[in-house]
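What follows is a pair of complexes built around chain A, which joins chain B in one and chain C in the other.
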Partner chain A sequence: MSIVVQLLINSIIAGSIYALIASGFSLIYSVAKFMHFAHGAVVTVSAFILFFFAGMLKFPFWLSAILTIIFAALFGLLMNLLCYRPMRKRKATNAVLLIASLAMFILFQSLMIAVFGADIKTVRLGQISTGLNVFGGIITELQIIIVLVSVILLVLLWLFMKKTRLGKAMRAVADNKEVAQTVGINPEKIYNITFMIGSAIAGIAAVLIALEQNVEPNMGFSLIIKGFTGAIIGGIHMVPGAVLGSYLLGLVENFGIWFLPSGYKDAIAFVLLFIFLLIRPQGILGIKRGVNNK
Partner chain B sequence: MIEAYLIHILILICIYIVLAVSLDLTVGFAGMLNMGHVAFFGIGAYTSALLTLGGTPFLPALIAGAIMAGIAGFVLSLPTTKLKGDYLAVATLGFAFIIESVLKNWVSLTRGPLGLPGIPRPEFFGITVSSQLGYLIFSAVVMAICVFLIVRVEKSPFGRMLEATRDDEVAASTLGKDVYKTKAIALTVSAFFAGIAGSLYAHYISFIDPTTFSLLEVILLFSIIIVGGLGSSKGAIVGAIILLILPEPLRFLGFPSSIVGPARQILYALILLLILYFRPKGIFGRVELGES
Partner chain C sequence: MILSIKDLAAGYGKFRVLEDVDITIKPDEIVALIGPNGAGKSTVLKSIFGLTTNYGGKIIYRDKNITKLNTSELVRLGISYVPQGRQVFSSLTVKENLEMGAFITDDKVLIKKKMKDVFAKFPVLKEKTNQYGFALSGGQQQMLAMGRALMQDPQLLLLDEPSLGLSPKLTKEIFQKIIDINKERTAVLIVEQNAKQAIKIAHRTYVLEDGKVALTGGKNIVNNPKIKSIYLGGR
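The block that comes next holds the complex of A and B.
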């Protein structure tokens, strides 16, 4: 019984982390209509920036965290301005943008190895706690914070998209760029804002993951895999779908390693992805439109 | 010394030409955003290496590697030929990760992350190709045969059907062509040749481990075919030569070895970005990525 509780807790923690990555990824996909794999690089570089401020310069943690999140937002904005926007101007297809985003992913990951080295870094707050006992399972305070931050952020994002003018403008561009343009919305401006918001969420995720796990150059890779798997199985065209998919992925992965060696954790994600691509490519909450659009 | 080094680069160029020309069959000719090519490269390498380590002669092992890769390509085509654009990219990339994960975790067969050392050099009719020069000649011959066959496929009526499918899938199917079958054959053939490249690689380097077949390799392969130009075998060949020679000066600039590896990846990524930015059609390209 306690194993089930523990696996459930682990699933929720993993799902919360994946949801933070997936929500930014699917937000950018739904508005800009291409897969921004370099989103994973935003997480990696942000985690190193946190390590740089908190671990190397010994800034107070809260200040380092704020600087990291601001950095992440600017980093996402710069990627859009310097790479994607000129390519879009030349009418690049979304396949070109996808390959470009993979190239940027490798570029920044390799840059982190070159600058900081390939070894594992840690950022820690205070003592390592033994954790609280919940129905026979163990959860640490940090993990509770991760789940809470994740849930609060996702609710805020949802409210922002539903209620504010800017959120509505973003959804309008996501829905139909040309029509949005005719009512006076500037899509390029909306793209910039989308990249900033999505990347800022990735920055927050990076801070939490750096505390919970380690900082290493390859960290963004497995995270973006989980992020986009979660996004696709839930329905990449909408953020709530991506969040739902992420929690489902967390569950399947953690209960899956009950039966399989833990090394197969990443493969489980992809088997799930394949099943969805076969039987429901639009995702759980997705609508059919768009799957076959280019 | 310098001679051995040059021969080493030339052998790798031969292997990557096979990989690039076969990848171009799917990406350039069929217009499929196939990111799983490394998986077939890996399957060919592991199959051939494991068989020869188990005592099978080289030639049957090479053919078995190619056939295994081809079967994997066919299996991948079943769920993916109906997917388009981004979704196809994600599914094929996912397939590559699953294969990498299996290579890492099926320890009893592949020795996992430890890799397979001591893969023997090719031997046929009692002659072992042990010298560097001998291996260069051998791989150049294999490369020439593979390129010849792939170009024959591309120039055949089937090749024109592939291009028709790429340019307008709906129009091709209204003419009574089975576009899904066409794509499935393209993926299978492309995987078959990637398997041959894998076998060539394994028996040359004599050591393989799962990291050889990772995402970094996908970026290199895409850089090669995009720099050379999609839909052009000449482009894939020139691209392979350029991209394998380009990072070599890094070795002589006196960087520590911990920097050379990442610097190489940074160089490849930058080249790919610059070519997508300034000349998305590459040197000899006729089509743009994902165009239709």
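The block that comes next holds the complex of A and C.
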């Protein structure tokens, strides 16, 4: 019984982290219509920025966290303004943008190794706690915070997209950029805002992950792969789909290692990704395009 | 004149479509633009709305040269454009579609009032307020696209083939709505394949051929032998 509870807790923690990555990634994908893999680099660089402020400069943690999140938003904005926008202006295809995003990913990952070194850094907040016992499973206070922050943030994002004028304009551009232009929406402005919001979420994820795990130059890679997988499983065109897929991925991964050696954890994710790409590429919540003359 | 186009040459990049086009519209008029496929009818609308490359000539809207303005500036000046093919935000609800029509303002009271006006004009949209765009029928989608444009309170409405793909009955209904909209002092420039119907509701008609104005006239243009043979073909 307690192992089931523990695996369930682990699934929810992993799912929460994946969901934070996947929501920003799929938000940017749905609006700008290309795979911004450099989103993973935003997580990595943000984690190092947190380490820089909190670990090296010894700033208070709350201040370091806020600075990190602001940095992440600006980092995403700059990626769009300095890389993607000039390319879009020259009518670059989405494949070109994807390759550019991979190039940026590698660039910033290497930059982190050059600046901070390849060794593992840690950012700790207080003592390492033994955790609380919940129905026979163990969960630390930090992990509870991760889950809570993740859920609250995702609900806020959903409300923002559903209720605010700006959120609706983002959905309008995601839906039909040309028509959005005809009502006076400037898609480039919406892209900027989308990159800022998506990257700020990645920054928040980076703060939480840096506390829970280690800060290392290649941390963004596995995270973006998981976030991407979660997004594909649930439906990359919509943020709720990506969130659902992420929690599902967390469940399958963690319950999978009940039967398989834990080294297969990543392999399970990839198998799931392949299955969905083959059988249901639009994801669980995705709607097949092609209906209604679209 | 609410709009006068003078010697306009326009197209897309290096691909020139229009040459020496002259069109005028008075504030209380419906003007139809007819002609064969590829004559450049839609390009005229797009050139007014800042969606083409304009090589020469001028577009004057209420004494202001708007030739170089971008879409969002034109919307603010009171020009609305309904593109071809029942273009709605399919993953947004009817209400959200209309709200987006009024994107340029954040005056909630005004938006509410505009929406009420649109619902009065298109009662079917009111019944479907919370339905998604993709769930509407073709005719309803066209009405939503027009309703969205009306949310901007336009003085000049540009309609690209509103009857495209609609049944004769629905076409008639849409055309009646256009007359109603015009009566509320909105000038309308309408591009249509359905020449006979368009001439009927328009005060004046321009016939476009190979990117040039070939013919222009009032309702009696329908009796012109050339029009009869080419567009109406005894049908």
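Following the convention adopted for this analysis, the second predicted complex is superposed on the first by the 289 of 294 C-alpha atoms of A that agree within 3 Å, B and C clash if a C-alpha of one lies under 4 Å from a C-alpha of the other, contacts with A are read in each partner's own complex, and residues count from 1 in each chain.
To be clear about the criterion, a residue touches a chain if its C-beta (ideal position, glycine included) is under 8 Å from a C-beta of that chain, and two chains touch if they have at least 3 such contacts.
Here the structure is a predicted model, which means the values were calculated and not measured.
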item: Chain A as common anchor, with chain B and chain C clashing or fitting; value: fit
item: Touching partner for A:Phe71 - first (chain B), second (chain C), both, neither; value: neither
item: Touching partner for A:Leu277 - first (chain B), second (chain C), both, neither; value: first
item: Partner chain in contact with A:Tyr191 - chain B first, chain C second, else both or neither; value: neither
item: Chain B versus chain C as contact partner of A:Asp266, first or second or both or neither; value: first
item: Touched partner set for A:Ala118, first chain B, second chain C, both or neither; value: first
item: Chain C versus chain B - closest C-alpha approach in the superposed model, Å; value: 19
item: Overlap of chain C and chain B interfaces on chain A (superposed complexes); value: 291-292, 294
item: Chain C contact footprint on chain A (complex, rising order); value: 165, 168-169, 171-172, 174-176, 178-186, 291-294
item: List of chain C residues in touch with chain A within their complex; value: 49, 71-72, 75-76, 80-83, 85-92, 96, 99-104, 106, 134, 148-149, 152
item: Interface residues, chain B side, partner chain A - complex; value: 33, 79-80, 83-87, 89-91, 94-95, 97-98, 101-102, 104-105, 112, 215-216, 218-219, 222-223, 226, 258-259, 261-263, 265-266, 268-270, 272-273, 276-277, 280, 288-292
item: Interfacial residue positions of chain A with respect to chain B in the complex; value: 34-35, 83, 86-87, 90, 92-96, 98-100, 102-104, 106-107, 109-111, 113-114, 117-118, 221, 225, 228-229, 232, 261, 263-264, 266-267, 270-271, 273-274, 277-278, 281, 291-292, 294
